[in-house]
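The two complexes that follow have chain A in common; it is paired with chain B in the first and with chain C in the second.
The block that comes next holds the complex of A and B.
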């Protein structure tokens, strides 16, 4: 090679390298060559929609940036949440981008084992993640690729995503065919279980499917059913409904049981009502009195707490009623409940003098064997005080704008159990689990796993892995409420009939599909054309009844307006209740399972404000956020009163064995001042056996990158709960179990009992909280 | 120290308010139910990292706003109360003068700001912070967001790296965004035009954010209340977070 050739070759090599680099560089900069119309890089777009994380159906606003939903806010003028949004709603963004979401449909040949095609898809998507340029340090920029599955314009990791698309394109038709054959084989013996996210016209469509299949109407599974409240309300208000309580305009609220602001029917609505009751009026500061066993969140903000023995709340209510209606004396009530007679008399005085007054029962009451008579007495207080059909009192919820949107009532535990018995007997041949994990509603005392094992075909539409989907033959992951159409009607609200319209702010992530799309396609294959091409066409057809010119052009059409404001609202309340004051029998004593000699503690399962009905357990923000009262995070614990802890010789972080006649758990001790000596509190529904990496009972590796081991959330308290059924409503009396507590002599391993307050009270300044407390201390009693 | 900084031509801790605004927050404890909506809203808005069970157990979790809960008495005469605690944005912030690299400083609008790229992780500010509202990144936070969780991140807020201190900013990205919008439209910012993520999420309207120098603003009206107090007022840190006590009044 001479000098001239060497220079030529060097020049060509350098040029090739430079051009090659330029080509690669340019390719990476060429984002949004075909940009969706509404996306302006760096500018957020807001979509009005509704939250589906709990039955409250709050109005929501999704903030979308470049195809990603980054925040959910409350809809400002929504009658339920008035602009606020609870922790569960805020955390729903993590449902959208959950690392353990089902990546696509999975046809399983062995139950509990993902199919080979699904595993291939999973590997391909992981490869696409890896190929999608994301700096390991996200410090100086936010180069997070738009990995939305439905977008044709992602530029990073193109080939890998295209592979994933190709695999998905093959999987869905096969999965729909499998569902169609499953429906055909189960004809006449099909059962559809649905969760609270299936409401409005989503429920109506499944009801139509059930009809054409000759199956019963879809059964709504709610872990903490409200059947006892409905039965009591039917006896007092004339209708088996859950009314709205107008806290904002009341002067006195008596809360029996303690979950109004945390895990009740509509925590956001009632938290707003509480704030308005306290401070929205010029000269009136409403009072809140809590009657309960465990001192919880509502008690913490109440003007007074009246402690009662477990299951004796109804006696306090009867002490406020006139004798002609079955009222009892304060002395008798004090004797039955263990409360102070002075407190009961003071409560009676307030009840007589402050108007309007609201009395309502929470799940601590509903969890007992005497739930219906106790809740009847509590509802009767509203009638006796003249609070029914009155502003500041008890009002009927306005009916939805369309009949098909009415929220279905949840089934009682007895109904669920009957269906499970039919599964065990082989009478159910096809089971559809639509956005529901039935295990969250069953104590482990009932062998639901065995019963479901007898069903020949199970299809699960869960978005995330759970114990129900672990038993399925077919996984058909539903889109989240941020990716699909839907509608809902709130379960509470004053002065307006509300129909929420849920629109998809973002394209489907992964290869999930809306239940409606899958059901319509599968039903058609099975010979039942339900008349709609897909979910979007279905919802538009339903809403056309409200907005006839739904397809009219222009921005002022009713449809566009509904999209803008998140649905439709009409002024008005529901029809008045035909209430009457019942004559009550003497207070009924609660029944408990377990010998007091060997099981000296009442088990008080605590409905968690973080997890609610179980959906929140999979979301890491909620796992890491400290429970408001205990400040506990990442799993469960057992709350012991200081006296009980001292007697047992245990303190915070000690491990104990909590045992009922049904099972046992090893848990860390939290010394909790808000419990009587003979009761222990354990949060409910914090873990799953086959959950995601965040709520798995067994634990494992949460983060592949750091390989940090996770001790797991541990077995759930459902392992301890006896299967006791409230006889009149059929509801599970999950507060009827007695347990024993035995120290193991060990401390819990790291990460098994996580108290966020530990970081708030640092070793170097342990006096800090006490100093803060001294400064702001003022008690609103009296 | 403040004079020394002033001599060098830098802002003092009590700083000028050249922008004509002084941001403040009012927390009405009479409405707070401790629901925690504000806590998760802050996580979502500000890209707070997950710590996981082991590190949370070791006190390394992140809560720019936290709900403290205080017990008193013995069952059944037991009482408890919630108090949301976030950076108090002190006008005489003890965390500011101890930073050797001026990573934390006071803005003209009264914010106790952090420049993440300057922070070298001495943690002196944390040591000098009487409210325990500064959080240190012991690990690389990006590692705790398995794919595709990073899609939830808010591009308007930097993700902090290992070795960097972080804290509540009063959602400064929202302030800047709306200031810019108002400037483009040739108008002044209106009271209530925007708010912090915590205040926006609060169902009970416990948190009210606004300009303390605007006598007509909601916060200015509320801080006139007899119920008002500030945390550790005796320390002379001059917080701009005002609490309103519960009870009658």
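The block that comes next holds the complex of A and C.
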């Protein structure tokens, strides 16, 4: 380039910049016509409600600033969470403003393809956003510049919003009519699958709908659930419930499987209990010992970690029991589990001397083919130690304040599979997916897509796109729990009868509607009047059953009080367990699918406190947050022990192909010393095929590459899991797969494996591998 | 045109272009370097609301409209019902002659509000308010609670609440169009402006006093 060209281009650039400045850059302030009384600009209003991001039923306090929810925190003095709120709850605000939320109902003529009316609505809303001035705030990519302020839907009055409102007003009645015709044609052959958000009276209403249609009761889908734990507890305690573990008053907690804070049904409750056990008493600092395969978040704060081979946790439990009850010797247990006899004997000494003691088994144990006998042995430890029905031990679950709020039991994988088989056989005519993505609960070894393809009518109530809604004929987006009424009770015992009242702190952000409103209207059209005008009237009528308490008028009425404190709580536990000490058979060896010669590694699907069962993958805050143990963010990876990595000749960021007899994945390596040499860990349920921009293959996560190499295969660890069912509980034994690991000779593409910290590398943190896995530097304790 | 002349012209264009950019652009506005329309001559709002007429001529207090200034973080933009409190009962068109409530030009603006104009509320259609252009817009990482400053000036400097607005906003009571014209401490609101006042009245000067 000569000087002349340079000067010309410089002048041109400067002119373009100058012209670019000729724009209206001022933000706008839209004044109210009539200011709502409760709003003081810049001053937040707080609403007591409950979080619905997982089944724990934590009390929550929503901070609302001028009509927008901006923060969720735990509700103080709530029996479940005692003021705490987990990352999933904290991130739930992003669900409200998620850029991929369904904008309104969508009647699809072709499955997987949005309807033309929906696309028009979407375009109109985009135009309305663009016309609503420069956004005052940015939440991710979403412009949050418009609110409805006490008026339903879009009534701001501007032309663009009026257009959107008019379109919505047309779409909802048509969508409800479509649902009504789907229900009328399905009738008794209707199947309702519900997710964890359908609890309390929401579930009761759907159950009534099923009854009037002559259909089976709604089926609760809980990915990788807790059925084995409930079956084992029924055998020992006499009731199939997950009891109150009074961690706060115990002296010793033996945790089998490392998931106290991550994947249990009440992580905030257990976290609080753990903290109280450690610090709340003057002279006693309770001890936590973790028996597990993978060193996880609970092990990281435990006094000791006893590493065992996959699926051998039950042998350690049996080593602590008396021989008359099926106890085995420490030497035998050491031989079965691969841990040292000294450790087991020391654990037995602590178990005998420290009272009260609690033993509890988690999903790592429940993921094996011997889950029920192992969990039975673990529950028996509480009986043998005299901990049942005792403060600091195991206590019965208090019944909910209202009978209709009792949490529905989740279906086992075997039950789900039976229903899927019926779909494949054409026996299901109408399928309602109510806040659930059934694909999260199925390994890809089962052709759920094919089975659902045989159902003539599918309606999805999902708030966000997922693999289930991608197959729907009708999308009826549910409001978030911050926009509608509801109630809930915890799925596990928390030492109190809890009835959460969920109230809507804000108006619907988009044209979503509560499931109750839609179901009631559609059922009426289909000739089944369920007796309520809408969801709000329904919930008020249900809570009025607490009469005479709740019907009293005035601002101090129990109803207002329930709204103010977020529901009703009564301290206490349920009637005592009639527990008995079972006589156990010798420890059952776990079964694994895959030839050890060609598939030398055990697959350990990892649940972390970020995604849990895959609940939070759509929220970018949770994707961004580094995993507490390996610090990985945005997507998945494969954890290899240092020895296994050295043997394979791979290191951090190298790409490997992980393959089972069912499928394969390309993953980036994280060298993690918290695993046995013959096991690999992969995060569970972190990706979908048709998810949001944050958790779908199409969204550009690490799995983009995998999708290209394995089209249609899916990108999650579910692609690898064998379909093995635990015979006694029907639960999926999702830890019984063997895999091989083959280096590809490449590194993962830049940005496709994000490690927030590299300190997990053994060479950079030499203390770490010695502190964990088979090296017990803290032993003996106490 | 010879090469030297071309070079001079190009350089002039570069310099002027750069100046225009830095004075008027959005980037300049956000970084506090702008002397653009918001600051030079005030903003043209959807309704030519005159603070001068309402405050100086009619004697309405600042806090009658910005009623949250001493109780909340933001002063608050008055809702339309506040305007209607007077304009609904004062038929300015009838008073136009003798009482000189409004000039003809002013009446046009009032009519926009009373009878309707694009983006403006009316008595018949009060679904939304006026979309005002924002004059003061601090960057998101700065926290400025009005109420704290009002009461701090009252207790530390003996200033009467409701009379201290001018310290930052200038003499708004004399403005027909509001812009960042500057008060005793402010030509434009910048970090140095805040620090000077904080130093004068012995308020904290740690970063976290203002920055989130």
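Everything that follows uses one rule, which is that the second predicted complex is superposed on the first by the 679 of 782 C-alpha atoms of A that agree within 3 Å, B and C clash if a C-alpha of one lies under 4 Å from a C-alpha of the other, contacts with A are read in each partner's own complex, and residues count from 1 in each chain.
In the analysis below, a contact is a pair of C-beta atoms (placed from the backbone, for glycine too) under 8 Å apart; a residue touches a chain by one contact, two chains touch by 3 or more.
Please read all numbers here as calculations on a predicted model, not as lab measurements.
With both structures placed on the common chain, the touch criterion links A:43 to chain C but leaves chain B unconnected. By the touch criterion defined above, A:282 reaches neither chain B nor chain C. Legend: residue contacts after superposition of the two complexes on their common chain; A:83 is shown touching chain B, with no touch to chain C.
In the superposition on chain A, A:110 makes contact with neither chain B nor chain C. Contacts of A:96 after superposition: chain B is touched, whereas chain C is not reached. Looking at the superposition, the partner that touches the larger set of chain A residues, chain B or chain C, turns out to be B.
When the shared chain is aligned, chain C comes close enough to touch A:7, but chain B does not. Note: residues 42, 137 of chain A belong to the chain B contact set and to the chain C contact set alike, using the contact criterion stated above. Residues 3-4, 7-8, 10-11, 13-15, 17-18, 20-23, 25-35, 40-43, 133, 137, 151, 155-158 of chain A are the ones touching chain C in the complex.
Contacts from chain B toward chain A in the complex involve residues 28-37, 39-41, 43-45, 50-61, 63, 66-76, 78-83, 85, 116-117, 130, 132, 139-155, 158-161, 197, 200-206, 229, 231-233, 243, 245-248. Residue ranges on chain A touching chain B, taken from their complex, read 42, 65-66, 68-74, 81-87, 89-91, 93-94, 96-99, 126, 129, 134-140, 142, 144, 147, 261-262, 267-269, 271-272, 274-275, 278-279, 285, 295, 297-301, 305-307, 339-340, 509, 609-610, 620-626, 628-629, 631, 633-635, 641-642, 673-677, 702-706, 708-711, 750-760, 762, 765, 768-769, 771-773, 775-781. Residue ranges on chain C touching chain A, taken from their complex, read 3, 6-7, 9-11, 13-14, 16-18, 20-21, 23-26, 28-29, 36, 38, 43, 68, 71-81, 119, 121, 125-135, 137, 140, 145-146.
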